[in-house]
Amino acid sequence: MFTLRLKTRYVETDQGGIVHNSAYIIYLENARIDFLQSIGLDINELERKGVQCPVVSQSVKYLKPLYSLQEIAVQVQVASFSKVRFFLSYEITRGKDKILTGQTEHCFLDRYFKPQALSSEAIQAFGSAT
Amino acid sequence: MFTLRLKTRYVETDQGGIVHNSAYIIYLENARIDFLQSIGLDINELERKGVQCPVVSQSVKYLKPLYSLQEIAVQVQVASFSKVRFFLSYEITRGKDKILTGQTEHCFLDRYFKPQALSSEAIQAFGSAT
Amino acid sequence: MFTLRLKTRYVETDQGGIVHNSAYIIYLENARIDFLQSIGLDINELERKGVQCPVVSQSVKYLKPLYSLQEIAVQVQVASFSKVRFFLSYEITRGKDKILTGQTEHCFLDRYFKPQALSSEAIQAFGSAT
Amino acid sequence: MFTLRLKTRYVETDQGGIVHNSAYIIYLENARIDFLQSIGLDINELERKGVQCPVVSQSVKYLKPLYSLQEIAVQVQVASFSKVRFFLSYEITRGKDKILTGQTEHCFLDRYFKPQALSSEAIQAFGSAT
């Protein structure tokens, strides 16, 4: 379980007075990138080698609203992985309040957007993180 | 079936050279708001009356990448609705290419974030749009 | 004088109930890119050739607030240009209301971020657009 | 002098491979809001009282590009203030590299967007921060 702590930004609110639903998608990415780096998969390094790691699908449930300038925790972990895909699950909390649950699905693509098998480094990383 | 045509923005791309996954979430919102207005549910008017219409959950599948300054069509329709919820389904296409499919779930809240039953206007609007 | 018409997006509002100041910066970019394309300088094509056209400086005055889902016009024109720089000026209007005035400064860089002299195509384009 | 440290986000990059110019505008806001709070001017509290503190004008110079996931420092200080306006100046640095300099101008508005004189609290806050 990896946790990123961050503070919601003023710009992320909308006229409803709460954080816009799209901002949570960014929070998930922030946590995902830091998590992947922590297990040895550095996105910038992968991209320099011509490997992309796109979001193939994502789904989120919004449980409670967030307001501007609130401290939150974004938890991410490996849900499962196969030879060509991996799935991450997320939870956003504010103190004891559960704010969001979500999942994302990913693959690795080469520079021509052709799917690649997970590298042995990735399999080892996900295996030890599961 | 309601269709919004729009052009992807330069700012919506990322260092991978393609449109960032969060931008599609905005495209869905743009189409949803125009669609709801077209069936008589004006978001600004609802909010002036103290009614919010948040995203309760959303899920999307990314089928192909989008690039900057491309013309796309965002289709939205009512998938189903109950006394307290409604579900919309979406498809983004670029010419003949299917780019994304997605669903969102919504409810109506009063100004204290308390769920409300769908108004008779909303039920009629969704009924005739289904 | 080039004019882009667009509609403010719900997501661009903030908890103050108005469009966030950063969204105007995007509107200027949208108009700038369409304008440059209209005079023969296609940003995507330039980037494929390894030429970047960054914002070197920008300044804006916010005259009146914008609200969600409003139709606006973003006007852009060449203010001046030299051998290595060009300056654009902007005006955003909503009907008869002047909403913003702004200026941006640009140069051309090669793929190593080294400044380049304006190409003869660019000079001709700016000359005929001034 | 107030300093906010933050890390650039992947989503803030564009297809040019660098952080998009609009992201810096958000960094300035993040630093400004934390700074104002540190001198006793809490934006959320002001807004609850019906006071808005918009950006009246802003100007920035981009000196060097930023890349994704870089640690930066955003410095902000009061440049000057009058009975109805205040001016902040900013500097973004990455290690020893100066990345951006900028200024913003602000006023206080009541809930009808009518300008207000600076409160005695604000004058005292700016006076001791200058």
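For reference, chains read A, B, C and D in written order, and residue numbers begin at 1 within each chain.
Basically, a contact is a pair of C-beta atoms (placed from the backbone, for glycine too) under 8 Å apart; a residue touches a chain by one contact, two chains touch by 3 or more.
From a predicted model like this one, the values you see are computed outputs, not experimental measurements.
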Check: If you match contact pairs by residue number, which of A-C, A-D or A-B shares over half of them with B-C?
Finding: A-D
Note to self: So, comparing C-alpha centroids, which chain is the farthest one from subunit A?
What the structure shows: C
Notebook entry, point to check: CA centre of subunit C versus CA centre of subunit D: separation in Å?
Noted result: 22
Notebook entry, point to check: For subunit B and subunit D, what's the span in angstrom between their mean Cα positions?
Noted result: 33
Next item on the list: For subunit D, write out the residues touching at least two other chains, lowest number first.
Entry: 10-11, 15, 18, 22, 26, 29, 68
Next item on the list: Provide the residue numbers of subunit A that touch subunit D in the complex, in ascending order.
Entry: 9-11, 26, 29-30, 33, 43-44, 67-69
Check: In their shared complex, at which residues does subunit C touch subunit A?
Finding: 10-11, 13-15, 17-18, 20, 22, 68
Check: What residues of subunit A sit close enough to touch subunit B in their complex?
Finding: 15-16, 18, 21-22, 25-26, 29, 47, 52, 54-62, 65, 113
